[in-house]
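The letters A, B and C name the chains in turn, as written, and every chain counts its residues from 1.
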Amino acid sequence: MPLLDVQDLRVDLPVEAGTLHAVRGIDLSVERGEMLCLVGESGCGKSMTSLALMGLLPRRARLSAGRLDFDGESLTALSERRRGQLRGRRMAMIFQEPMTALNPAYTLGNQLCEAFLRHRLGNRRQARERAIELLERVGISAAAERLAQYPHQLSGGLRQRVMIAMALMCDPDLIIADEPTTALDVTIQAQILRLLRDLQQEMGTAVIFITHDLGVVARIADRVAVMYAGEVIETALTQALYANPSHPYTRGLLSCIPAPGKTPPGSRLQAIPGVVPSLVGEVEGCAFRNRCPLVREGEVDAARCEHTPELRRLTGDHQARCHYAEHRAATRVAQPELSP
Amino acid sequence: MTVSTSTTSRASRAPAAGGRARALSEVPLPPTAWSRVTRKVFGHRGLAIGLAIGLVCVGLAVLIALFAPLLAPHDPYFQDISNRMVPPVWHDKGSWTHVLGTDKLGRDYLSRLIYGTRISLTIGLVAALISGVIGTTLGVLAGYFGGRVDAFISYIITTRLAMPVVLVALALASLTGGSLTTVIVLLGLLLWDRFAVVSRSVTQQLRDAEYVYAARTLGCSLPYILVREVLPNIAGALIVVITLEMAHAILLEATLSFLGMGVQPPLPSWGLMVAEGKAYMFFQPWVIAIPGVALFVLVLAINLLGDGLRDLNAPGGRH
Amino acid sequence: MGTFIVRRLLVALGVALTISVVSFMLLHLSGDLATSIAGPEATAEQVAQIRVEYGLDRPIVSQYLDWLGGALQFDFGRSYYYQSTVIDLIVERMPITLTLGGLALGLAVCISIPLGVVAALKRDSWVDRLALLFAVVGQAMPSFWFGLTLIVVFAVTLKWLPAAGSGGLEHFILPAIALGYYATPAMMRLTRTGMLEVLESDYIRTARAKGLSTTSVIFKHALRNAIIPVVALAAVELGFMLGGSVVIESVFSLGGLGQLAWDAISRNDYPVVQAVVLIIALFYIVLTLLADVANAALDPRIRTR
């Protein structure tokens, strides 16, 4: 039984022009101790998905799901109180903006210990000990003194380490990390990524890592789900996805990444032309067809793309939402290096 | 930094004046103002109601003030001792000859109320204009030059804020012998603080704007830059402050007159009417209720107008 | 931080001195004091005698320095009307005004903050609209008229509370309501705006992600940050209310500083007027200083700079 089992998750937001279908029926499953990467451009619904899983959607948002099970328990059936007991205790979240995600009015110690105390995992002394232990584990020196400091006294990288420690305080089964490295400098990014990967393996925590950067994915993920316009359009084990990207969008994303040694210096980096379709109102047919190179170059029968494709199983775990997933484009994709 | 705390706090009497000023400088008013008005007014019901009530009431008050001699059924100064304290028409003993009754000297209350509109509006408008000129000049200079000029003007603003307005106005009005003109000038000289605070902060942001910089590099003269480039862009913010200060001046005049140091009898100032009715309020509460309600409605309408104008200027509406 | 405090104190001191000049000049600029003290029936000789008696024949600067020297030792001279020193009058009346101001502020805080919080939490609901209406009405209500209306309703018609005069705490209730309502709208709106802003912030989402209870999210995480500017405003509002007490005290015949000042103004009792203006201004200056201190104390970003 997977730790998290999601089927047909939908999130709708009422907006002035009608209803915005931010998430349009996605299926996800996360095994214990697994790291799943959710990849997509901004606005593809990946953040909405994470908020839906945490139960933190804005009040006006409407959620529906065929199945939304966490450790065998249906989240949609839980009372708000039970949900609160789960949140922070068994599923924790790390946010994108370390500069604003910590409350400026309280010390780090206060904010670190808060969830631990709230979920009655021990007394103040134990909370403090665990906070120090975790701060040291995430690579913060002089941890005991840091507890008395305020967020503004720390750099962005340090704050994100604190956020990670905070998520780990209650030893959760699942951590959702929503673009945790996007706001950081490149060197810090690498450190934080390695830290997350190490901790995840050490503690056996399942992680849903949300990013728009396929380069990051290759270095940390066990499995990848690529999202486009509120749907999962391709999912596979990381190796398989990079070896054999089957959806034209995934191939497009991969070709956006310069590969050292393979992309000739001075060559133009590829970008996917066109824009994401509006998700206000129903989307008919393949959401990607207006930008699809296969359609544009007339390699496939565009009429068929007017019909909405299903997420189809190609081989083993590899699934894609494209009528022509088996069609091999003439242009081979340069593969980024997989991290050791 | 004295100025920053005390002035923001002071400005919050006009809620979030700082925020308003910021929002305004981002959205220069002139070209699309009307389209924004129509869109906001028709797209936003709550806002439209407030603004519409404000506009209608203020418009009515202006008309009443302009046509007071035509509208007033009696001479507001004519005393008729045999007809003292006649109650208003809805009262058992009321009559249609004196719709709102008469006061302790037998003067027609409705006529006095109508002529009182002139006093309140004149005071509000002229005092707000005087203080607007003073405050805006100080604020623009402080905001544009910064440095020592700013420090000095900020100091003046802080000092002005520390003075208890009502007390100082009372003392000065008492010394100068309270006539309509002295009260207007006095209020004009005292109520410039909000103009200065708002125009200072807006000008500070404008100072480094592209077009002001361009004008400076083109060698435009200083007065030209201030009047042609800076002033039009703070106009939106100033219009809002004018409405708020009008309301403020009207309330203060009524207060001074109520305390006997403002406009002197027999002028029909609403504040004075409340003061004259005070002795009778236990048995004939309408003598203070009528001028009080008039004052309240006028000030409320001007405030609603100001709030509405501010929300039109601020993107995102009421926050 | 240190230089900041020193600069702040220097400015406050300068403002206090400037105000002392203003409140001194206030009454000397507007005509011949000796004539107005002597009254309209006085002969030229009497006026001349008064001029010498009150030291009005000396240069204005030396008159000011004398007055300031006295003021620094709380000696504001003698009242022209009462047979006592100005400082005795002030000390006697001050407790009434401070009680009134304190009660009014307490009332305003107790109403405006909960109301602002609820309005923000239930944005655009009927509670929010009622709160807005309450604020808009409060801003437009002439305080002297509101005071009279309270008297007519609660003292005359319902006979619940005394209409006027000073005495026990019951005499303060109506005046405190009248004065407190004056300060409520601004504080209510600031609380509401602050809460709306804070509730949108990332750290509130973090707090919710920890599974904290709604109470804890609202009070510990949101209100704590939204309240900082409101505390500063409250201090400043108290300053304004002390200045505005002249109106309310005369409506309710509450014999505090405000009424003392009003009586003194009517009687051309200049030493008293000068002293009250200066003292109320000093209160305001100290309160704005306290507002800054409160800001720093509540906001670690300022405190630990």
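Here, contacts are C-beta pairs under 8 Å (C-beta built on N, C-alpha and C of every residue); 3 or more make two chains touch, one makes a residue touch a chain.
Every value quoted in this text rests on a predicted model; they were computed, and no experiment measured them.
Trainee: Could you name all chains that are in contact with chain A and with chain B at the same time?
Mentor: C
Trainee: A-C versus B-C: which interface comes out with more C-beta contact pairs?
Mentor: Ranking A-C and B-C by C-beta contacts puts B-C first.
Trainee: Could you grab the centroid distance between chain A and chain C? Build each centroid from C-alpha atoms only and quote it in angstrom.
Mentor: 55
Trainee: Hey, how far is the Cα centre of chain B from the one of chain C, in Å?
Mentor: 21
Trainee: Listing for chain A: what residues touch at least two other chains?
Mentor: none
Trainee: Within the complex, which stretch of chain C touches chain B?
Mentor: Spelled out, the residues of chain C in touch with chain B are 4, 7-8, 11-12, 14-16, 18-19, 22, 26-27, 30-31, 36, 129, 136-137, 139-145, 148-149, 151-152, 156, 185-186, 189-190, 193, 196-197, 229, 232-233, 235-237, 242-244, 246-247, 250, 258, 261-262, 265-266, 268, 273, 276-277, 280-281, 284-285, 288, 291-292, 295.
Trainee: Note which residues of chain C are touching chain A in the complex, please.
Mentor: 201-203, 205-213, 216, 221, 224-225, 298-301, 304
Trainee: Under the touch definition given earlier, write down the residues of chain A that touch chain C in their complex.
Mentor: 54, 56, 84-89, 92-93, 95, 97, 100-106, 114-115, 118-119, 150, 152-153, 163, 166
Trainee: Which residues of chain B touch chain C in their complex?
Mentor: 1-2, 5-6, 8-10, 12-13, 15-16, 19, 46, 155, 158-159, 161-168, 170-172, 174-176, 247, 251, 254-255, 258-261, 271, 274, 278, 281-282, 285, 288-289, 292, 295-296, 299-300, 303-304, 307, 319
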